[in-house]
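See below for the structure under consideration.
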């Protein structure tokens, strides 16, 4: 049962709110209309979780059935809609909050995958998809190539590590409130370190011939 | 049971046909090949319903399992394929027919969501997605930013109102043939009014500072 | 039961490997980072099968739950990552291998659709989607219009024929190892013939008026 597992719904609410702001900001920049801004907020805040739920068969996904999550995404999008001239200046804060959303989504997504009896590999993949899926959907809906695929700054790698750690904790029967918070902080910390020190992953290997 | 509910399959057939024409037209304009034109017709005519069915767990979706709907989409695409030089001139007719498709898809989609025991909020979201989903898929497959997200003319708002009215009727136990037709006409009428009087939804809020 | 049906997992492994290489190559050309290259390999190698599994309700899809398939896709992507300067020159080999992937995915996909009790039309559509879906996902994730929709060279048509033949064999109760291999060879042969003789499908019909 999901209810038995000790993760904080509050964390997820914060994650949805921040991710929805990031989606709404992308829509504002593309001069979308109000409906488009709300859709982008909803898709970015809840898209990763919806992808997860469809893949593990937990339908209808919480992204459409849980009014608290939907309302949170709408509120996040509206906040960006009304305050974007001011919020754009607070870019740094948003990037750090986004790191928090990535961390929460990844760990919660991995746990939900495990709860529904998937394999370890499926839980890791589902966790990473929950973490980065909303952003991919945001980019596709605004006509951009998904930034997580080509930007080189460490974004998916912290998620991958966090999902793997969560699965490891589960298999050792060590998943409790403290270790979950620890996994979330691990992803968050790695992402913030990547931002601070501009850590990157390499691009295509050129081979010796062209070196 | 879906069969118990009083909606007209005929309405859905017309909606699929018209939406498939709109998808095929987009493919013709992009110089897609015949297969691409058929796929766009199918995806636009049945994509909203397939998205709905996957989200509410009604798999396989009718968009692949019901041969009558698939044949209708193929016929709609072929009609556009053979007659597009003439049909493009009849743009106004197509736009009005498309308003009909939006109305039918939204109300039928909302009802199917309700039948499968989703929450009210999920039924509204599923209804709107059924209404606008095919067009979004059409735009993504032809490399365009979804027009419903940025075009500003009222398109999704009538769907949102229609889905909300349908859920309200359901919760008051007033959903019958007459009220369903009424909900469809409401969406259709709002959309046609928006077209006639160029009603728009606002773009990004600029804030006082920039006023 | 899937296990009862006589198709060769080895064929599927080869198909996933080759398709993953094609996805990784697209990512290399777009200068994606290593994570993006792996994701493109995974999405292209396993995306068609995941789409199929979601549509027929076989969740979680094998593309996330079967570690052998996931590892194969990762290996295919890594192979392209390390050897792409050399492999690009071997374009012809890759195109032929891709024809093999198309053939295998289509026939296996059709059979999985039939096994899960879909209608004949759904099995054909699911088969074709399994065959071409990975490539469509690859193109969408790299910001391209799906090549299968506009390129005109016969690609989907062999898949369509192969899926229809597979369904026909099933309905005549003639589906065994030999006929399955025959259906795979049919798709592969048609695709290779199309490549060799540059067989194309027509673009939009211009009508008499413009002839």
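Here the chain labels run A, B and C in written order, and each chain numbers its own residues starting at 1.
Here, a contact is a pair of C-beta atoms (placed from the backbone, for glycine too) under 8 Å apart; a residue touches a chain by one contact, two chains touch by 3 or more.
Since this is a predicted model, take the numbers as computed values, not measurements.
If you sketch which chains touch which, every chain touches every other chain without exception. In the CA-based superposition of chain A onto chain C, the rotation angle is 120 degrees, rounded to steps of 5. In this assembly, the C-alpha centroid of chain B lies 29 Å from the C-alpha centroid of chain C.
For chain B, the set of residues that touch two or more other chains comprises 54, 57, 140, 143.
For chain A in complex with chain C, the touching residues are 54-57, 113, 116, 118-122, 125-126, 136, 140, 143-146, 148-152, 155-157, 200-207, 209-210. Only residues 27-28, 30-37, 39-40, 50, 54, 57, 59-61, 64-67, 70, 81-86, 140-143 of chain A touch chain B when the two sit together in their complex.
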